[in-house]
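Take a look at the structure below.
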Amino acid sequence: MHLFAQDLVNGILAGGILAVVALGFSLVWGIMNIINLAHGAFLMLGAYLTYQLFASFHVDPFLSLPISFVVLFALGYLIQTYLINWVARAPILTTFLLTFGLSLLMVNIALIVWTGDQRGVTTAYSGANFTIADVTVPWTKLFTLLAALAITGIMQLWLTRSKTGRAIRATSMDIGAAQLSGVRVAHIYAIVYGLGAGLAGVAGTLISLSYAVNPGMGDPFLIKAFVVCVLGGLGSVEGALIGGLVYGIVEAFATQLDFTIGTQHISGSGLQDAIALVVLLIVLIVRPTGIMGKATA
Amino acid sequence: MTAAANASRTAVGPLVIDGLCAGYGDTQVLWDVSLHVEPGEVVALIGSNGAGKSSLLGAVSGVVKTWSGTVRYGERSLTGLEPDRIVVAGVLQVPQGRRLFGSLSVEDNLRMGAYLRNDREVDADLERMLTLLPRLRERYDYLAGRLSGGEQQQVAIARALMARPQLLLIDEMSLGLAPVLVDQLVELLARINATGVSILIVEQDVQTALEVSSRAYVLETGRITLSGPSAQLLDDPQVKKAYLGV
Amino acid sequence: MTAAGQTAAGVALRITDVGMRFGGLWALSDVSFDVEHGSVLGLIGPNGSGKTTLMNVVSGVYKPTTGSVTYDGRRIADVPTHAVCHLGIARTFQVVKPFASLTVRENVAVGAMYGRYGGKRSTRASFERAQELLEFVGLARVAERAASDLTIPDRKRLEVAKALALDPDVLLLDEVMAGLNATEVEEALELLRDVNRRGVTLIVVEHLMKAIVSISTTIVVLAEGRKIAQGAPADVLASPQVIEAYLGSRWVKRQEQLRIIAAEREEAARMHPPEAGA
Amino acid sequence: MMTTAVLRRIGLGGITGSPIAIAVALALMVVLLAVPLGHNGYLEIVFRNILMYAAMAYGWNLIGGYTGYVSFGQVAFFGAGAYCSAVLSAHGIDNLFADVALACVVNALFAVVVGLPVLRLKGHYFAIATLGIGLALSDIVANLDALGASSGLAVHHVDEAHFYVYYYAMWLVALATILGTYFIARSKLGFAFVAIRENEEAAAVLGIDATRYKITAWAISAMMAGAAGAVFAPANGFLDPSIAFSIDSNVFPIVMAILGGVGTVAGPFIGALILAGANELLQRYFIKIHTLFFGAMIVIVVLILPRGLVWLFGLKGGARTWLKSLTAFKA
Amino acid sequence: SGPAAAAGDTIVFGSPVSLTGNLTKEGHLTQEGYELWKNYINAHGGIKVGGKTYKVDIKYYDDESKNDTAAQLAERLIDQDHVNFLLGPYGSGTSFTVAQIAERKKIPMVEGNGAAEKIFNQGFRYTFGVLSPAKRYLEGILQMAKAQKPPAQTVGITAASDAFSQEVAQGAAAWANANGMKVVYNNKYPDTATDVSSIISALKATNPDVILNAGHLQDALLVQKGLKEQNVMARAYGYSVGPDTPDFASSLGKDANDVFGGAQWSDAVKYKGVPGFYQSAQEYAKAIDAAYHHRADYHNAESSAACLAFQYAIQRAGSLDPEKVRDALAKLDVTTFYGIIKFDSRGINLFKPMVVNQIQNGRLTTVWPALTADGKPKYPAPPWGQR
């Protein structure tokens, strides 16, 4: 029972981070129809930025959250405006390839700048924790979860309530009609891509607190972002949050599973990914557009 | 942010198209087209399918690139501007096929029409639209993509009106609409026009088009072949034969 | 003229108490009527009254929430969408859906290959049939073009050709004449009459009253998902309920004008019998 | 209807493909017959991999290009095919024909079983579900001791002197996928696939049983990938999940197809040749930063040739058309 | 088609190595080890082979940390670049696939970075590994813990799912079982794990005396942070890979203290090598520091040792003929700064012991076996926050 509660907590805490990772990816995909393979690289840059600020100027990682967001938003905005925008309306596979190239570029530039060394952000309070009812909760992860909730909340409000948010959603449905309503599509796209990058940067900052910082660190998160955003429903903010939490919890519980098939003993923790993916498939079969996805007209 | 939003709804000047040529890829579809719409006027553009009517409206609203010739609106040249800049200039298009934002609610679609406006009267205008088109009030929270064809056409017109345009370009307004609804829209156009908005209307229902307009142009395979007061064209034997099926 | 194509007798389609609900909205409720073999049924009604929805129910795309549709006694809801055309029912889409990257001829040929014969017709025979139909609907001149290049009326023609390629007994036409001008509508009507003469039962949805009146044997009027009138064209169009819900006063006025013009012409013709015309 | 919109934007060409492109592809195939004569084992591997990726690209093209179901899971079939060979080898059967035959049978069954639920999904959801299948299968194999778990299995292979058999076997698999694609594209089957891609609802109304044909396309494409995997395993001599289900084998065929030109018969080949050639040169001259240059190259190619390399061949109007193409997709 | 004779009077070695990908750091350390040896040899005149002196050159390619790429590049080094011999890549997976190519092409390879015994159980004749096998990596820590008072009695193991880590974990579990310790937890996590909290929760619930992790640097960091976050209290914490690499201490700061690491080598070992290269660990460490400005790490040393195996074997063979050099390698038995280099019939070096290091106040100190140690193990570990 205690382990059950602990796993639930572990899963929720891990899921919060995954939600932030998936959020920006999901928006860019859902709104611009671009599968942004550079998302992992943005995340990595966010983590390095946090590391560098921490190592050189002792900036607390939580304080560098807004810095990561702004810097990566700007980077994303520029990349969209000067590179991706040239093929923004090209088939989805073309932009897929372009972002693949961009990702290789950024990862390898990072490799030159920071080398392949593993870096870490270890603050004075890192690892600090409290225990209630036998369940241990690390403070940093709790704050990370709260930050994730706040970020998704703000995003959700902004997308549904603000004028720009509405224009973003409209543009995702019909570029031509949006233009005829006075929307400057290139600008909207740059904002969305910037947002995606900015959110990846924020995720990178949060991740740097628990995960080793290195140039290739984005890859496993990118794959999880794929799954989480589809699990929750593409382009949906609540979807990313719920998808992230479901994924985190499933992974946590998968760890404690054990199978025996004939003489073969299989531990669930080795199968974490497979179990999470089977859950994804089941969800999609029951709800073909994800947990929060709406069937489009 | 925008001139259009806060400016008066009276048209700033005539729309003057001069020697316009345009096309898609290598195929030219418009040949040396010249026409004008005076402030406060309702002008109809008629022609058979594929004549280039939609392309002409597109060239004005910036979605079709012009090859040569000019489009001027009042003091401003619209030639080669991006569509969103043309909206800023006060020229709004109701596109053929409605092009609603399918997964946005009716309300959000209407609010998108007011995207460039920063004034405080947006809500009041919204209310006015709902009074004008009561069906929209019933469907206010619906996703636009779920509406029937006719309901969608109403949303499309209302959306354009939400921008408080000075010149409205309407493509195939009556397409797929019940006769009773066409009546309502015709009245609606008259009322909009009465507030000083000029209208350039493209219509397959030539009868209706000529009834609501004061002047009309006939476009045939990309060229203007005939123009004049609508009443006169209604009686023109050529027009009768080709477009009215009489 | 309206009954020109009536050959076989008996009920082809029987629509019984059909209701269709989307979320909280009943797009159709308690709709019942029969369609005779060889007849032309005109289906009209205000926008959003459920005409397209009914077409979707009849063609097996939607399963109705209540009631049933039978074709020659068979319940359509029990037949998967793709197999409905094996029964002999074909339909067009209001929003035309050509296979954009295929040529016009290929579009029609696909229908011929799979349609009524469920993939048993050979590729060659299918292309031959496609060619015949393209000539029939007047698209032979653009047979090699990509369907996405067609103008809207040509797309509507293509839509009809595709449906005909299924060799249907019943053809459901959803606003295939919208966007055509009066002259083009005449041509289209001629085509449909021809189809009907060949024994195909038609259900026609249109907002062009002139077209509906001139082709239908019976008209059914829907409003807010309910049937509000059914009968011969003249009777239905005179119904005050239909005028109020659908036709509108301007239409009535215009009809009045047309009748006066016609009467005047007749009068004039009586006074001055036509000789060489003028 | 998402799928249709997406795929229309992919800009897939006519159904049968241009005869010139097919001729180019076949001519390339004939030239490739000569590779083993050079007695350069490395080049042989390079070209064998090109053939392998090409076979997978054609497999992908059938379900992703023709039928409109963009799959990121072809590697699952590749891996399954590879493990078929490994298992046969573990049972003392070293016969490429048996390997390929088993891989085809197993993959066809696998495709049907998985396809029934998965092919009900549309567009992005389908893509990710298929990505998931590849990852999950990799994970599962990594935990099965019978398949060597994560430490892998040695697969028996012939000695150095006879190594060319793998090359020619892969050549035959690639040829089969090209010809298969060509004939399917011209058949009734091909028309059913394209109709489903363009509009599944409209296809159903024309009498096409979408479920059945989607599964057919998926199964054939699975066999294509599986056959490539079945030849790869003994040629590589060793198999572990990271090799059998590598991201490269998943992404490269797609990258090659796009770089060369999606929906063309010659595209994947040209794409594969250019990628392999570029990689070769970059590895040679920029050892430490070759991946950086590789990334830069992809970015540049996409920006200057957004429709793929093959598009250059049919270019009419020279530089002017090309300049126009640069802004064709601009937002 | 054998390789062409060395170009002019240079012996060319080839190595695919991880310059990018997730083993980049380890790949760089490997390359440093190779380069240090090459520079030493060339600065000291070269290698004498049957009366002629050869300079050495090493050709590298980037295998991107991918098993199949490594094999492909090995093939290229042999067929295209005509290298004389192969030096191993980094990692067991890549070493395995490259070994296969070496076998097929009959080109000897000596590797210092693939410790999985699976590589040596295939009957390969041309592959030699200078390192102790994977199963030994954590044995030393268990021996050490068992020798403490009171002796540690229970062990909990977490392991990455790759071949090397799995062998390490199995080796440790087997040793523990054979020596009267109880394995209370033994579970694996995927290589791509981004969060290991639940494994740690389960581990914590079994309350072991010794916690071992078999994995690589990246997951070692993740696990160490996780242990602190969940306040897991054990007497000793040991890693197969991690503490020996400077990154471990630099990224964890104080939290890295008192952690044990199994190592192939440390700069505290006291071997006395034969002439021809740096003869002691201390000289070697100084040279690494001078060249690369960091403390010598065992990846450096084992990589240099692989080169040394070739150096002595070539000298003894008196020829560059692959077959003769292979035979000389098989018979090799020398002691170097790195320890004894001698291969069993399968080609792996079972003759060199491992050492145990511990991070004490930020410094890597060798604590086991007592003979080579330059410090005493700090045991049991103090609670978190007091390090």
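Remarks
Here the chain labels run A, B, C, D and E in written order, and each chain numbers its own residues starting at 1.
Going forward, a contact is a pair of C-beta atoms (placed from the backbone, for glycine too) under 8 Å apart; a residue touches a chain by one contact, two chains touch by 3 or more.
Nothing here was measured: the structure is a model prediction, and the numbers come from that model.
Graph distance from chain B to chain D, where chains that touch are one step apart, equals 2.
Path length between chain A and chain B in the chain contact graph, taken as the least number of steps between touching chains: 1. Listed by label, the chains touching chain A and chain E alike are D. Relative to chain E, the most remote chain by averaged C-alpha coordinates is C.
Set side by side, D-E and A-D show the greater C-beta contact count at A-D.
Using the mean of the Cα atoms as each chain's centre, the chain most removed from chain D is B. Inter-chain spacing, taken between the CA centroids of chain A and chain C, is 51 Å. Chain centres here are Cα averages; for chain C and chain E they lie 78 Å apart. Distance between chain B and chain C, defined via averaged C-alpha coordinates, is recorded as 29 Å.
Remark: chain C and chain D have CA centroids separated by 45 Å (rounded to whole angstrom).
In chain D, the residues touching two or more other chains are 139, 142-143, 291.
Those residues of chain B in touch with two or more other chains are numbered 146.
Multi-chain contact residues of chain C, defined as those touching 2 or more other chains: none present.
Contacting chain pairs (ordered by label): A-B, A-D, A-E, B-C, C-D, D-E.
The touching residues of chain D, when paired with chain C in their complex, are 8, 12-15, 187-188, 191-192, 194-195, 198-199, 201-210. In the complex of the two chains, the chain E residues touching chain A come out as 20-22, 24-25, 27-28, 161, 187-190, 192-195, 197-199, 201-202, 205, 217-218, 221-222, 225-226, 228-231, 245, 247-248, 250-255, 384-385. The touching residues of chain A, when paired with chain E in their complex, are 2-3, 6-7, 10-11, 13-14, 17, 107-108, 111, 115-122, 126-127, 129, 131, 136, 138, 140-141, 207, 210-216, 219-221, 223-224, 248, 251-253, 255-256, 267, 269-270, 272-273. Across the complex, chain A is touched by residues 2, 4, 61-63, 82-84, 87-88, 92-93, 95, 99-104, 108-109, 111-113, 115-116, 143-146, 159, 163 of chain B. Those residues of chain A whose C-beta lies close enough to touch chain B in the complex are 163, 166-167, 169-170, 173-174, 176-185, 294, 296-297.
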